[in-house]
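Here subunit A shows up in two complexes: once beside subunit B, once beside subunit C.
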Partner chain A sequence: MAKQVQGIEKESPFKRKKRRGNKIPYLFISPFFILFAIFMFYPTLYSFYLSFHEWNGIGPRTYVGLSNYAKLFSGGGLFLKSMTNCTIIFFEYVPIMTLGALILASLLNSRYIRLQGVFRTFIFLPYVTAIIAVTYSFQYLLDTNYGMINLFLSWFGIERIAWLNSPTLARICLSSLITWRWLGYNMVLFLAGLQFIPPELYEAAKIDGATPLQSFFHITIPLVKPIIFFCIFLSTIGTFSLFDEPFILTSIGTSTGGGPVNATLSPILLLYNMGFRYLRFGTASAVAYLLFVVLFLCGLFEIKFLGGKR
Partner chain B sequence: MGRKIRMLIVTLVVASLFIMVSMGSVFAQQTTLTVWWWQHWPNCMGPAIDDFLEQNPDITLEQTVMGTGDVYDSLFLALAAGAGTPDIVALESSYIGKFVEVGGLADITDKISPWIDKMDPSKWADMTNRKGKICGMPVDSGPVAIWYRRDVFEQAGLPSDPESVAELLDTWDDYYEVAKIIKAKTNKYMLPLAKANYDFRIFEILLWQQEAGYVDREGKLNINNPEAVRILEYLGKFWKEDLALDAGGWSTGWYAGLTDGEVATLPEATWMGGCFANWICPETAGLWGVVPLPVWEEGGVRSSNDGGSNIAITAASENKEAAWKFIEFLFTNPDYMIDAWRREDWFPSLILTYDDPFVDEVAPITGQAHRRIFADAAQIIPWWVYTPDYAEMNSIMQIYVSAYALGDIESAEEALAQTATEITVRTGRE
Partner chain C sequence: MNLKEGKKKRYFKKILLYLFLILLVAAMVFPLLWMFSAAFKFKSEIFHFPPTLIPKNPTVSNFLSLFERFPFGRNLLNSAFVASSAAALSLFFCSLAAFSFAKYRFSGRDFLFLFLLGTMLIPYHVTLIPLFIFYRRIQWIDKFWGLIFPGMANAFGIFFMRQYMFLIPDELLDSARIDGCSDFRIFLQIILPMCRPALTALGVIFFMASWNNFLWPLIILKSDKMLTAVVAIRRLQSGPLWTPYGLIFAGSVLVVAPLIILFLAVQKEFIAGITSGAIKG
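And then the complex of A and B:
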């Protein structure tokens, strides 16, 4: 003890200066933290406070306890409805998209295909297309009476299908849109992963007599598992934060999106409607917090059961 | 250090003095009125605005033309921020209630009092606040009648002149019978009426014809009443028997259906004529006809309302006098309002225009004096109100009516009972 005290006293003029000097880097990184505090941290806390109040955005706030949360579960049970929708959509598109992306990536990584750059670009293109334009195009394609898809089907004698006016079909349409748009992005992630697999492994397998299919299942899949996990993790968050797609795809004419019969209502769309359409910012904040809890639990679950086996 | 601060203060003082002086010199001569509205308004009021600016050289006008929804979003954000609201803003009747409720619009009761009995009386309810003060000026109304396609009626072997069609569509039961004839003879639909992704404004039109609606005159929830059930069951027949085109209002399929004559009729407000003639289907001029609404029982009222818009001064405006001058100049002058009516079938809320000889002129889109039918209908509209909760109540109604249309909910009574419960949970209306 005595020695230490002595030591500090001895070195104190230098140390003090050094310690003061250590504060300068904090100054340099402070802009981020100041902006983060103002635009992220404060709103996060404030919306927690708001979720227990009734507020129209302009007038006074009234404390209402848990009634905003209760509102989301009573009546039509909008929050559960939106979570169910997203869960269904998740299972409709994530397996197909992830597997599709993996297969495409393996094909494009192999030597069997020429013009790889061209194919990569084309598959990736939907991702860089403006989502608004994409969604409107899908809406026109899927129109019951004048859409191209029904026109095409009519050549085979298939009657008009009300794609967007049936709850089940509308969800499938939404899933297809998401798959079409995100397939390329996931494929690029897999391509990056595949390039890290040493070619010697495939060569060794080939010498041992493995078919390409066997090496796909026994070399490729186990080695890109972390990427598969990463893709599923991103898709989970992406699915539950869907907004633009359902907001536009099913807001046909003057109807409010999320239809038919709330079949494509996502939690974020619900939040938007509550906040900015009906000016119920308290309820909107409650949606945000419920969604946070669910996503947090989903993330934990995935890390534990999917990521842990690495 | 001290010197630096002194320098800074001096610079700031000089700069602010300069800004104040320069701004002062501008404001000494000119009042700038900022206006937010949508394309329709400058289209209709162009000459009136020119006259106003000529007669008031001390006022300049700064118009911002945006989409209807953008006006509301921007206004809400400006109100929430407490800065940046315009002096004057246009609002549809369906949305004005919300802004009156949050206190964003100025009380103009005193200024408007000479005009109260000269305007369509049904308009006031949505712009009156809880204290009974009026916060807006009615501009256009939406009396409803039946728009029908003469060519489709002819193809079905039915008479197509307005007098005979009016007789043919005397009651809503007759309307349903005609729908079956048209379907059988031409394989066309009676009206566009989507099962989902649709705001079901036609359901509201039919409710208001019966003096029903979401709420009663005291503001109590009234959506779950026998009239409403009967109306929904009636619409249900069109869905079940495939008599309606499954296309939501203002969608691609809807426009195409109206243009190509896939649908025989459209029960809709007067302003539809302007939409047909100016942008949806100008090529159908002369193919349309107008007859009054059918009734549910003999002696019923052949009228209802859909939409309509208003103009208001914002509570934060610093130029309220000039703003009122502008509003009064434009929207209480029958000549300007008739000019707007001629241009875009913009039906004035100003009652004294209804006797003008212009109303009996034949319009190109219908080949008949259809404005007379709407002017007569406007004076007998039973009663309607959107209320501040309209957007939310309409969206809830959409869900359950749609579920009924798709067959997810069996009975109309059940669909409306669930609508009522959900509205109570969400808005607190009993």
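And then the complex of A and C:
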């Protein structure tokens, strides 16, 4: 990212004249910084402050030191549970989805396949739908008694499966939903990257006797490596900030999802429950902060990784 | 003979490949079809085994009761209002800041821009609790402004617009200045019209993000009439015994249809928009 900043344009009179003592450029960027201060910076600090307190939002605020954090980390703490869930979900879908997206992108990028545009549009379509709507659709598809999936399995003589009642299966369902929705998005990112690989490279490899599979491993993968990292980076953030999908997928009545037995509980869902169901603002802020630190470290790691490579 | 066989084999491979792609497309579309079909079913058919993909007695009663028994029409309007004002205001403020970063020189510019990029690392979830408390104090609970304001100037939007504005030649701005145009008029009358493709892409991205936003409106919107459509869909599910899928999917169809239409209308710009971050990394 530092590269963009360095890419300084050649001097123009428009810029030169406006060099000293001009307030206009500051005026133009001020809305961002003012909004940032009010809606991001101040809340971020306040959240930090709150994480050391116990408060239900109305009564007195009591300082409790690190006890909110300690509670989250202690044995059977729900925060660890939620992080474990997301880690499992991450490994369930990210490798498959990222590799799948890359393979699809190479397929649709080659001149070998026709109607590429149509296939691309359809595979991308799930991304432009409302998460809430499609999560309900998955919930109904997976319904034990009335769902299409179990009907489909019954054709092969497989007994009805209570998909959303088993911790392992529920997590797999959640992973499939995420893969379904984001496969096309990742594919499109790869397609954009593949456009920059000159076709001559593949032709040369072919002349040298390389099979398509060899070309894929020795040309495509090394050249799209930065995009692979970018996709994994986005998936990391996405997985650890899951909310809508687990909230809806396993919910019954007015209960919030996250079940069965907290198998699909995500950190944000925990934050929501702590903050807005049990009104434990201190604990909820501690959850937010722990997640913040984890994501921030992931982000820094990734930027360094990517920035160094380029 | 051998040549012919090789050709046949390749042909077979190709057919397999197409079959795979067609199956994949079917898997992608199926949950949407399932939702669409259930929206036109009576409750008795929804909770019936074996399930049907094409409703036996199609009905629009789900849609009717959505509008008669619930303020869903109002909810859709709320979503439209919130999403379009969020998109319009964000576009304005993001391009304004991007204009400044792309076309001016001022001290601290590079530092401020780096800082701005850094803000993208803060997950907005960390602000949920404090903003909720803050909104309660300034009485923004159950108000649309609370949804529109926080996302109004965002770093991604500024980054995106700035990239595009680098393409606009400085000479054009110079000549406008010589003609006596003010900075703000240059922005409105030269920069914005020239950024149209970028504005379309970003506008659609913002619109969809706001239309789909669930968590924040779920927290700050309270009364049925003020809900956005996606939160209203969640509210339909209230009884502990069964989920009113008919109503939920009727609402879902109405929420998803505008998104798909919008996407198909500006597909090229939209995809260029979402991929721009990946390529520039």
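In this text, the second predicted complex is superposed on the first by the 271 of 310 C-alpha atoms of A that agree within 3 Å, B and C clash if a C-alpha of one lies under 4 Å from a C-alpha of the other, contacts with A are read in each partner's own complex, and residues count from 1 in each chain.
In this section, a residue touches a chain if its C-beta (ideal position, glycine included) is under 8 Å from a C-beta of that chain, and two chains touch if they have at least 3 such contacts.
Keep in mind it's a predicted model, so treat the numbers as computed, not measured.
J.: On subunit A, which partner's contacts cover more residues, subunit B's or subunit C's?
T.: Result: the larger residue contact count on subunit A belongs to C.
J.: Output check: A:Ile131 vs subunit B and subunit C. Expected answer is one of first, second, both, neither. What do you get?
T.: In the superposition, A:Ile131 contacts subunit C only.
J.: Please work out whether A:Tyr202 is in contact with subunit B alone, subunit C alone, both, or neither, and reply first, second, both or neither.
T.: A:Tyr202: touches no partner chain.
J.: Just to be sure I read the superposition right, which of the two partners does A:Gly57 touch: subunit B = first, subunit C = second, or both, or neither?
T.: Touch partners of A:Gly57: subunit B and subunit C.
J.: Quick one: classify A:Phe233 as touching subunit B (first), subunit C (second), both or neither.
T.: A:Phe233 contacts neither subunit B nor subunit C.
J.: Just to be sure I read the superposition right, which of the two partners does A:Pro167 touch: subunit B = first, subunit C = second, or both, or neither?
T.: Touch status of A:Pro167: first partner only.
J.: After superposition on the shared chain, which partner residues are touched by A:Phe292: those of subunit B (first), subunit C (second), both, or neither?
T.: A:Phe292: touches subunit C, not subunit B.
J.: Which partner does A:Thr144 reach: the first (subunit B), the second (subunit C), both, or neither?
T.: First partner only.
J.: First (subunit B), second (subunit C), both or neither: which does A:Ile123 touch?
T.: second
J.: Going by the contact rule set out at the top, does A:Tyr272 touch subunit B (first), subunit C (second), both, or neither?
T.: second
J.: Please report the subunit A residues shared by its interface with subunit B and its interface with subunit C.
T.: 57, 139-140, 145-146, 251-255, 276
J.: Can you list the residues on subunit A that touch subunit C in the complex?
T.: For this pair, the touching residues of subunit A are 1-2, 4-5, 7, 9-10, 12-19, 22, 24-26, 28-29, 31-33, 35-36, 39-40, 42-44, 46-47, 50, 57, 104, 107, 112-113, 119, 121-126, 128-134, 136-141, 145-148, 151, 154, 180, 183-185, 188-189, 191-193, 196, 226-227, 230-231, 237, 241, 243-244, 247-248, 251-255, 268, 271-272, 275-276, 281, 284-285, 288-289, 291-292, 295-296, 299-300, 306, 310.
J.: Enumerate the contact residues on subunit C facing subunit A in the complex.
T.: 14, 17-18, 21, 24-25, 27-29, 31-32, 34-35, 38, 46-51, 53, 93-94, 96-97, 99-101, 103-106, 109-110, 112-114, 116-117, 119, 121-134, 136, 149-150, 152-155, 158, 163, 166, 170-171, 173-174, 177, 183, 187, 208, 211-212, 214-215, 219, 230, 233-234, 237-241, 243, 245, 248-249, 251-253, 255-256, 259-260, 262-264, 267, 271, 274-275, 277-281
J.: What residues on subunit A touch subunit B, complex-wise?
T.: Within the complex, subunit A contacts subunit B at residues 56-59, 71, 74-76, 139-140, 143-146, 162, 164-167, 250-256, 259-262, 273, 276-279.
J.: Inside the complex, what are the residues of subunit B that reach subunit A?
T.: Spelled out, the residues of subunit B in touch with subunit A are 73, 76, 79-80, 98, 101-104, 194-199, 201, 245-254, 256-257, 262, 389, 391-392, 395-396, 398-399, 402-403, 406, 408, 418, 421-422, 425-426.
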